[in-house]
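Letters A, B, C, D and E mark the chains as written, and numbering starts fresh at 1 in each.
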Amino acid sequence: MALKQVQTTCAYCGAGCQIMFTVDTDANKIVEAVPADGRTNAGTLCLKGHYGWDYLNDPQILTKRLRKPMIRKGGKKSPLVEVSWEEAISYVAKRLGEIKEKFGPDSIMGTGSARGAGNEANYLMQKFMRACIGTNNVDHCARI
Amino acid sequence: MIVAIDQNICTGCRECAEVCPAYAIVGEQGKPQTIDTDRCVMCGQCVQKCKSYVSVLTHGKDAYERVKKERNIPDSVQEPLFAAHAVCHLNEVKAALADKNRFTIVQCAPAVRVAIAEEFGAELGTLTPGKLSAALHALGFDRVYDTNFPADVTIMEEGTELVKRVTEGGVLPMFTSCCPAWVKFLEDNYPELKDHLSSAKSPQQIGGAIFKTYGAQLEGREGKDIYSVSVMPCTCKEFESERPEMKDSGFRDVDAAITTRDLAWLIKDMGIDWEALDEQEFDQPLGLYTGAGTIFGVTGGVMEAAIRTGYELVTGQPIPDLEVTAVRGTEGFRTSVIKVGDLDLKVGVVTGLKNVVPVLEAVKNGTLDLHFIEVMTCPEGCVSGGGQPKLLMDTDREEAYAARRAATFAHDRELAYRKSHENPAIKKIYEEFLEEPNSHIAHHLLHTTYCNK
Amino acid sequence: MGIPEIEDAGCLLCFGYNGADSHPIVARRIVRGKQKGMKIICADPRVTETARISDIHLQLKGGSNLALVNAMANVIWNEGLADKKFIDEHTKGFDEFLKVIEKYTPEYAEPITHIPAETIRRAARVYATTKPAMILYGMGVCQFTQAVDVVKGLANLALMTGNFGGPSMGIGPVRGQNNVQGACDMGALPNSYPGYQNVTVPEIREKFEKAWGVPLSDQVGCPITHVPHRILHEKEEKKRIHAYYIFGEDPAQSDPDLAEVREALDKCDFVVMQDIYMNKTGLYADVILPATAWGENEGIYTCADRGFQRVRKLIEPEGDMRPDWQIIADISTAMGYPMNYKNTEEIWNEMIDLCPSFTGATYEKIEKYGGVQWPCRDKSMEDKGTPYLHKDGIFATKDHKALFYGTDWHPPVELENDQYPMTLSTVREVGHYSVRTMTGNCRTLRNLEDEPGWVQMNTEDCEKMNLKKGELVKILSKRGYCITRCLPTDRVKPGATYMTYQWWIGACNELTTAKLDPISNTPEYKYCACRVEKIEDQQWAERHVMELYDDIRAQMGIDTGKGAKA
Amino acid sequence: MNYFVKGNPDLCIGCRTCMIGCVVAHEGKHIFEVDPDSYSFNPKLHMVKTANLSVPVQCKHCENPACMAVCPVGAISQKDHCIVIDTEKCMGCKSCMDACPFGAINMTVQTGKFQADGTEKKVANKCDLCYGFSGGPACVRVCPTEALTLVTEDELGDAMERKRAEAARNAYLETHPQE
Amino acid sequence: MKKEIGSFVVGDSTKCTGCKACELACFTVHNRKSNHLGKTVGTVTVPVTPRLFLTKFEQGCMPIQCKHCEDAPCLNACTKGAISRIDHQVIVDAEKCIGCKDCMQACPFGAIALLPYARDGRLVGQAMSSEPKVFASKCDLCEGIEGGPACVRVCPHQALRLVDPEAEREEKNIRAAEALLLTKNWR
């Protein structure tokens, strides 16, 4: 078992706690989380920080982890069909392009994410909406 | 010993001591109890209360049959037996019934007809005078008379006595005397007040005296041929019947007093199917009774019956409201003032013997301004008597008493005559035999004296 | 100010913020402050953990925030407790503000707030006279139709007492989600580019047009809470929304008036969902794009006190998932606007150069110092960021002066009535996060609390309805209903109920109203009228809840042994 | 003297990290990889929240434990400063639960064990001070607000001694005010 | 919360006088239908078979009854499958019981007695024996009987208590937590 330690920021709440994870790189699994001495958390963690990481191994408890791109090929209510990334990307690009063409850029709405995605992804999302689509229709769930 | 506690069965819980009005149960907590027979008034409330049953687990496999034999209980009985119990005379009664030479007369008290059916699985307080009469006939009694009839006589005698005491000046307040446990209690503890007791005998004893005299005449027989049995809700009635002064017929007036429970045993023992019985009337003429007689079974009933008649004796007018609700109720001591013509008749009703002590003290001190006081030993009068069907669960007690009381009043309402003096058989017996209330012969047969301890 | 500074404040006014449930590690600072002698004033209709240890608990009636805030300002002024020097030197608009708060005497506020006038006075005095005084506020302020006004009202309190520009003072919104601050920082907002640069300011727009090489829209975009309306009811054809690209969110669970949200998603021509787990929104998505999760990719989050911190890859994703940034870049490229980045640092570097407040926050510094609190304007290693804002009372306005801004209180939109005599407010639960796709899939957290969640109700209300702890109840508003468990508690006032929004079955957003604050567009999650009904057949209800749960899990692709699969 | 963990309501924020910490310590880390219904989630301490307090309550490890006295099968015993339940011996009669005045004992499903009729087997469950695990009580370790402490004989003794000395000094000062 | 563990009745020897009202009530409610019991003693035609047992000991007396153990030795000992857990309570099926006495021996409380089995007002006999059939008589918490445990209802001194163990535990938790307010500054 090859273990490594990685410090990262907790995925929950805005307190920004630092956690030291022990990872089994052979098994590609988290072994343990202990509080790290971050600026805000100073060596403490709450229950989510301590015990809120095992969703990563897709435990099939509440919802299924998404692993493949999927498209409802028969329209709404039809089943989701797994497709390749190439197909998914080009399908999205085509449909968005058509809608932009037909109804204008402001007919498309995009969201950022206040959760796991991180700042860089949010930057790109708003850039995509503004520069590629051409609208300021971008917002996120800051209000819930 | 009419009421006893079996030392081998008693757990010493002393729940009986809680209900004993005479403080007659002595013993240490947790040890078997004994009854102080000097104090005991034989009311049987301890028998009603006791739950310490003869158990296979505690007393062994054979204990039940042994105890049953010891107590002379019919073999057919399978119901639980308890430490506190009353004596059983059924053997003598059975012998008398079997004896072709004895003319058997039975009377039953008002409270029996509202309770006995419970022993056959009926709802609490089921009213069954017809089945009761039928069962007694089926048992082979030659005459099935009723205590309600002598209760009507009691009203005539006691009512007249009261009117005399009030109008002519006599010892007041006057106490009722139909409850033998109460009478014994007064004799034992307040002998100086015995003149306050009505000299009239209880209905049982009036019945006994009449059956062996007038009753014998009706049959063309002699008193000595008569075997007189009473069925009572009361364990103390046997004691009363055994009192030496109760022989005014020239014989023991009542030969055996059995309880409601005893009668149920007897019916079952003789193989009579209670459910299948058709209703029958009580025999005439000494089984004809009024509503006044039947309400003797509940607290306040004697008082109410007396007022129904007394009102007319005094005023010559029928009472405007027959149902004297002012004296009904279940409180331990309640008083009211009844307008009887110009007279304000001040009456009191005591139920539950423990409640009588302050009343007696007040009478002694002269601080109680009443004319007439009814006293009953048992919690709500004879319907709650010590000889009545015993409840398996005390949580049913309130409902049982209420149901029996309600049935008694319902019976009163359904009867043709509701005042003692209107009973045709009463009129007849006074015409033919007793002359008039408080007459010489009445005094001889129907009145008694009380002893000093 | 920063989170560590909280414990050194002399006085903390904690307003509509329940740290113990939303940020335990921030609550820890409050507890430590209390141990150090900090005076705590807590304005909350519930007895929160902060309220429990507070010196003064202002247990106000829900929806009366501004009346209380204005009354505190009224007391501070009328009792001569204001910092006149600070007001003169660093602020504007005070006289206009005074006119507004004139009528808000504690006696005026008492019947509105249900707080005794004398208690309001006491709180105002403690706040104004204990230095330094800090204000923390949370969703109990923001999730009302009158939200921004209250934030300004709290700022007024800090301004008039000179509580700005030093450590352990000022006012701090404690942002709920791990990167809600970051999403704002990055310009995932309809009105601003990254770094809070307004889309309507021509110079700024020109800067971004130049950097991105395309002309940009000068129109403020659509806020997320307007989307159902824009899909369903928009009359103007060109404003109507036809495509919705949803990224790391679950509006079909988290947004108010879920019935309307579902209808909107159903009617929307094209819905793209990009997420890590299947969720309720996924049921309406035309395309689902699987992304890597926290722990499977690199990046930077911004915590509630503006701290940029690194988030690192822990394990390799198992499956055909891609990082969010990569998916977006691919789509953009496919649509003819090429985006080519090798890693997140490249993206970051492009971003910081466009945002003066972030320019100095390089990966290198964030790595080295463990984090950087913006503003950090200079790339030199000496600029380590800014622990607290408005140093020395210098505000980020043109004349460096802060503006007082007074408004009148108005009641919430949907008040209690005969049919719905109680109020519902949504709240947080410490063991679950957001819509629960993460924490609901964590074993221990699932085992600590699971469907159908709880409705907190006052003990007396429960007694009146003969409701026992744990009993299933039906709770209804005019928009919908759900089933949940009753939790009798003396921590809430009679007539009020509280639910958490992460449950599928006890889904309180079936009930909430979509009425918004006019400026922030935040829904009034904290106030709507509702009714609680007893369920006589509890056995049926327990079974029903289990069936519903199994059904939804099956829809989410879990093999429950029965039910339909997605 | 037995040791015990006690909570401080002034510090507790009711977050229940201690409860999960307890489960993880006793069940082992494998629970992060299994079906959540396949192990027993039994915190041995109980979060109490009333209008004026939040604090976990757990076994006091009494010196004369009522639970131990009433156990009909001798499943409760004293071991190295703590009172522990032998779940193999326990038959779930709840006598200890009824006897404990603190409500520190509850009944918990023993995962994978069943009674003769196939129904779940439940046994008494209470704080064992993480007996047999290294690192001391997990609840104390994981609490983010340091609201839990392990009270040992020495600590309690020292505190009492200090308090007695203080009381004596105060009494002395009362009679010798000039000093 | 859903009821997760079995309730039970306990006696209090400081209140109990030993009157056996509980035993008689227990017998009564359990035989009302099966043996046609009315409200009065006279309606009884079968031996009294209680499911709790008034027990005298040196210091006093109290009824002893089943704790409805969560890993019930009686249930586990019964090879006939006559004891099972129904709605969290440990219940004997008297029809199935063959009187093997294993449960009696397994129970550490003596909460089970072998007593004569009666039906329709008559003892049930058995083939090849003059002895009546017996059954393991133990508390079933008055399962299916209106008003809950009869022993609790009839006790004149409230010496019996139906314990909802989890609810009582939570109440005791609150008292213990309140005590922590007093002892928090123990140092």
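The rule we apply is simple: a contact is a pair of C-beta atoms (placed from the backbone, for glycine too) under 8 Å apart; a residue touches a chain by one contact, two chains touch by 3 or more.
The structure displayed is predicted, hence computed values, not measured ones.
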Omitting chain E while every other chain stays put - resulting connected groups: A, C, D | B
Far-end chain from chain C, centres as C-alpha averages: B
Busiest interface, counted in C-beta pairs: A-C
Whole-Å gap between the CA centroids of chain D and chain E: 32
Between chain A and chain E, centroid-to-centroid distance (C-alpha), Å: 58
Inter-chain centre distance, chain A versus chain B - centres from mean C-alpha coordinates, in Å: 92
Interchain centroid distance [CA atoms averaged], chain A/chain C, Å: 19
In chain B, residues with contacts to at least two other chains: none
Chain C, residues touching no fewer than two other chains: 24-25, 28, 430-431, 443-446, 448
Chain A: positions in contact with at least two other chains: 29-30, 44-47, 51, 54, 59, 61
Interfacial residue positions of chain A with respect to chain D in the complex: 29-32, 44-47, 50-51, 54, 57, 59, 61
Interface residues, chain D side, partner chain E - complex: 6-10, 46, 48, 50, 52-53, 55, 57, 72-73, 90-95, 97-98, 100-107, 110, 113, 115-117, 119, 121-123, 151, 155-156, 159
Residue ranges of chain A in contact with chain C within the complex: 6-18, 21, 23, 28-30, 38-42, 44-49, 51-56, 58-72, 75-76, 79-80, 85, 88-93, 95-97, 99, 102-144
Complex interface listing, chain C residues touching chain D: 19-21, 24-25, 27-28, 31-32, 34-35, 47, 49, 52-53, 430-431, 443-448, 489-491
Interface residues, chain D side, partner chain C - complex: 10-17, 19-20, 23-24, 31-32, 34, 36, 41, 49-54, 144-145
